[in-house]
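These notes open a run of structures that come right after.
Here chain A shows up in two complexes: once beside chain B, once beside chain C.
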Partner chain A sequence: MRDFLELAVSATASGCVYGLIALAYLLMIRPTGIINFAVGEWAMVAAFGGYVFLTKYELHYLLGMGIVLAFMLVVGWVSERIAVRPLVEKGTAILAPILALLGVLVITREIISISFPPDPLPVPYPFELQHQKYFIIGVTAVVFLGFWAFFEKTLWGKSFEAVALNRRAAALMGINLSRVTAFSFAGGAAVAGLGGLLVSPNISAHYLMGVPLAIQGFTALVIGGVGRVEGALIGGLLLAFAEQLTIRYAPIPSGFAQGVPLLFLMIFLIVRPTGLLRARA
Partner chain B sequence: MRFLGLVACLLFAGSAFSQTIKIGVITDRVGVSKPYSEPATEGVIFGASEINRRGGVLGRNIELLIEDDQSRPDISAALARKLVDQGAVFILSVSLSPATQQQQTVTMEAKTPQMTPMNSADYLTTQLQNPYFWQTGPLGSTQIATLLAHARSKNFRRVALITDNSELGQAIAKAFRGTLEKAGIQIVADEVVARGATTATPQMQKIRAANPEAMFLAGVLTAENVLIFRAYKELGVKFPIHSSYNLSVPIYETVAKGLIDGITFVDAYDPDKPEAKAFEAAYKKATGKDSVNLHGYGYDGIMLVADAIRRAGSTDKEKIREAMQQTSYAGVMGAKGMKYSFPEGKRAGYDPNGMVVRVYEKDKQGRVVHVGQK
Partner chain C sequence: MRWLAAFVALAAAAFFLGDYHNDVYRKMLLWVMLALGYNFLFGICGQIAFSHFAFYGIGAYSVVILLFQLNVPLPLAILLGVAVCVVVALAVAIPSTRLEGFYLALATLALAQLFVVVLNEGGAVTGGTGGIANYRLPPIFGFQLRGPWYTAVIVFVLLMTLWILIKLDRSWFGRACRAVRDNPEAAAAMGIDVARTKVIAFTVTSALAGVAGMTYAFVDNTVNPPIFGLDNAFLLLFMVIVGGSGRHAGAAIGAVLLFLLPFWLSPLVGHHHVLVFGVLMLAAILLQPKGLIGLWDRYSR
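This part shows the complex of A and B:
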């Protein structure tokens, strides 16, 4: 029983991180249809921000966190202005901004790789080691509740949903598409950054941390579905529990458990490509 | 800044002297091996600058041709070919073992001497019969044998093994596994932490449930190793940890603060060795920075190459090969009194009794507690 409870907390914390990355994808996919694989690198940028402000300059955790998230808002907004908007305004196919954002991914990683030492860098815990997982779970719960309320209860949120349902109709109703797109990228970067910041005390800040997070987050998104905010969290939690329960209890070498996310990805893409939760009509 | 000066001097030397001796260096500047390759490459650059400052080799300066293979074997072979075409008479490989292995397909065919001063995979000199290749990094099997020799006094019968899923981590784990089984020690849990994992709790739970007397750590990915230490502390387990040489990388002193006290690790570096002390002082004076053991690998590598060319008396590759095989050289790395050599046609030149076991004391790499395999 003790084992299972320890594992449940561990899997929930990991699932929350996956869920935040999935939410970052979702925020951008819903109104634009663009899959932005650079979210993993954005998480990495925030982790390095955590190293700079929390480890190097030893700012108070909340202040450092606030600065990093504000910076990530700017990163997302700038990425949209440079890599997405010009292509969207030219009416290119959806693949063009996706490829441009892959370029952003590579450039971001190279900038970090050149700017920082090659070794993983420490990012401090806000509390004791034993409490970090509960902190991740708590912060994630607040973020998801906030976004759920935003989309369900506010006019701004409804405008996002309207753009997601029909961009042309939303534009005809007076919704500023460019602004919605810019906000979705800025919000996506901040959420991805939050995921990176929360996980970085565990895995350290290092320049190769982005790709695994991007894959795990994308798998969580496919499992949960792109239609609803809560789908991202459910997908993340399911993925993390499947991973960790397999490692702990399945009678197979733990190395094989690495295939669990890919197995989930394939199963859901084949059997239920819309994910567990469908968008509301 | 002073280090940039060294690089600039080397580049200047390369352009100013047409009769330079070209040495190729294949490193990793952006891939998974970067944390190890970068300091090792700095050691190579520093060593080359020292050699040139003292008049070069055979009256000629050394010119380094440095290429980045990102630890990718597919790129690595092409870069080896490029270096051969550019006139490199020797190639130093300071990237990942699989990449070094791939380079051998070129150096064997082009009959160009190649050496890795830091790779530890056992297969590098056994899978291919390449008389133009040498390895002076301590073998994985030597590491575990040294660790086991130290642990022998504890009479372990049941141990756990944990590693990551990198190729090198797997190779070292394989060497650990073979040696442990040969010694009649039962491996009661054999776990892998995948690259990019966010926790090692389930693996550590399995190990705890198996109730081992000690845990051997073969992983080489720093972030994943730190995850293992966190899970170890969180779950409150108490069995001792014995680690591969990966824990000799000083980054653990900062990134795993509060998690590593008491962990023993095998190392190729004895800070009390006179050659190591002299190297540390010279490096500090020239670059203004403190050196770490990884710098020593690269430094020894270029010094071994220069020594072989000097003894060959020529840059003829065949003569260099013959001279290299006759090497007997005391470098920065290794236990006190250790010399690199390739006896009886062997091409793995790190003395099997040249490794040491050290222990972390608080968050610092501490004293040597054991030397060699006896």
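This part shows the complex of A and C:
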């Protein structure tokens, strides 16, 4: 029983990280329709930010976290400026910015791999080791509550929803489309970065950590559905429990746990392609 | 006749090259082969997939495992290897293409990631992290093909791939693929089964990648996990975009250029040529969406 409780806590914590990555996807997909595969690399950049500010300069955790997240806002905004806005203004198909963001993904990863040594780099825990999981869960809960309130209660959030539902109509109502897009990319990068920063003490900062996170986050998004903010968190939690239970109780090598997202992705695409939660009408 | 001339010219080149250059030449031909297939999937049918290189690996591993661990005769091993690629491709494509959007991209990203894991954890079957080495192409009709003669085999497979793709492209199926790429709703309205078209295009190109992988298996006479990593899947996408997506010549030019570029760049930037590729690809999308072949068109006019 104790064993199972421990497993439940650690699954919840990794589910929260997947949920944050899924939320980052969702923030960008909803208003723009663009799937940004670079979210995994953004999480990786933030993990390296954690190494620089927390391990090297030994700043206070909250201060370091603030600096990293502010930096991620800039990263997201710059990416949108370089790879998305020129193409959207030219009126290209949605595929072009997605491909351009893949270019950004590779450039980001290469810059990190040139700038840092190739070995995994340590990032410190904010508190003691055993509290890390609760810290992840708490921070994630706050972030999701914040975004939920933002979308449900504020005029700004409503304008995001309006853009998601119908771009043309939203633009005609006087909503500034390019500003919404810029904010969604900046916000997406900050949320993905938060996920990367939270998970980095456990897995260390490494320049290849992005792709698995990008896959797991997207699977969480498919499970929960792109319609609602809560879906991202529920999808992340379900995926993490499935993964941890497989590793713990199924007699297969632990490396194969990486197959669980693929399996889930396939099952959900066949059985319930809209995800668990439907968008509100 | 033109095909025969192309075969003679490309194969003869191998006989004038030394061992090292012959090796480089073969790998370049293999990249061209992969880029041509990927161009059909991505450039002509408009689907992003990251599994093309994984299928290259599945083909290579299948044929080696079938030949040397299960002692299957060569022709049967080739057929079974293709069958493996087709089954895996169908299993991934059928669920992923039921929906609009880029689910195939993610499903294939996960597949490519998983493939490397399976290779590493596969124990005696896949040889684990070390892979499988020290085998040799079985004699064909009593001949042991090696050196430039094996390069001729690669040229043959390359031209066969190109021939199949050109035939497909010019048939109703190729036009259906382009219609699906440009406007799925309009294609469906014209009576094209969009999902089926996507599944077939994905399966055919994946099987061709598998065949390319089988020929690769006897180039280095070793298969191991690092060769089939995810980085190369991105490289393939970049080749097609930089060269000019949707055009066979574009894909070939992109493949040759991006394959040879590291040889020239390495004195300047060491192993960081991928950064240059990323910048090139971003520049191509932002400034010249038709790629190098589009530039060529503009200046030759």
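Here, the second predicted complex is superposed on the first by the 274 of 281 C-alpha atoms of A that agree within 3 Å, B and C clash if a C-alpha of one lies under 4 Å from a C-alpha of the other, contacts with A are read in each partner's own complex, and residues count from 1 in each chain.
Assume a contact is a pair of C-beta atoms (placed from the backbone, for glycine too) under 8 Å apart; a residue touches a chain by one contact, two chains touch by 3 or more.
Keep in mind it's a predicted model, so treat the numbers as computed, not measured.
Steric overlap between chain B and chain C is present once the structures are superposed on chain A.
Within the superposed three-chain model, A:265 lies in touch with chain C and out of touch with chain B [touch as defined at top]. Legend: residue contacts after superposition of the two complexes on their common chain; A:121 is shown touching chain B, with no touch to chain C. When the shared chain is aligned, chain B comes close enough to touch A:130, but chain C does not.
Contact with both chain B and chain C is seen for A:211 once the two complexes are overlaid on the shared chain.
In the superposition on chain A, no contact is made by A:44 with either chain B or chain C. By the document's definition of touching, both partners, chain B and chain C, reach A:110. Touch criterion not met for A:20: it reaches neither chain B nor chain C. When both complexes are overlaid on chain A, the residue A:10 reaches chain B alone and has no touch with chain C. With both structures placed on the common chain, the touch criterion links A:190 to neither chain B nor chain C. Contacts of chain A with chain B, set against its contacts with chain C after fitting on chain A, overlap at residues 110, 113, 211-212, 215, 253, 255, 258. Put simply, chain B touches chain A in their complex at residues 29-30, 32, 34-35, 38, 165, 190-199, 201-203, 205-206, 209, 222-223, 226-227, 230, 233-235, 249, 251, 254-255, 257.
Chain contact summary for the complex, chain C toward chain A: residues 46, 48, 91-92, 95-96, 98-99, 101-103, 105-107, 109-111, 113-114, 117-118, 120-121, 230, 234, 237-238, 241, 272, 274-275, 277-279, 281-282, 285-286, 289. Of all residues in chain A, only 35, 37, 82-83, 86-87, 92, 95-96, 98-100, 102-107, 110-111, 113-114, 211-212, 214-215, 218-219, 222, 253, 255-256, 258-259, 261-262, 265-266, 269-270, 273 touch chain C in the complex they form. Within the complex, the chain A residues that touch chain B are 3, 6-7, 10, 13-14, 17, 109-110, 113, 118-122, 129-130, 199, 202-204, 206-209, 211-213, 215-216, 240, 244-245, 247-248, 253-255, 257-258.
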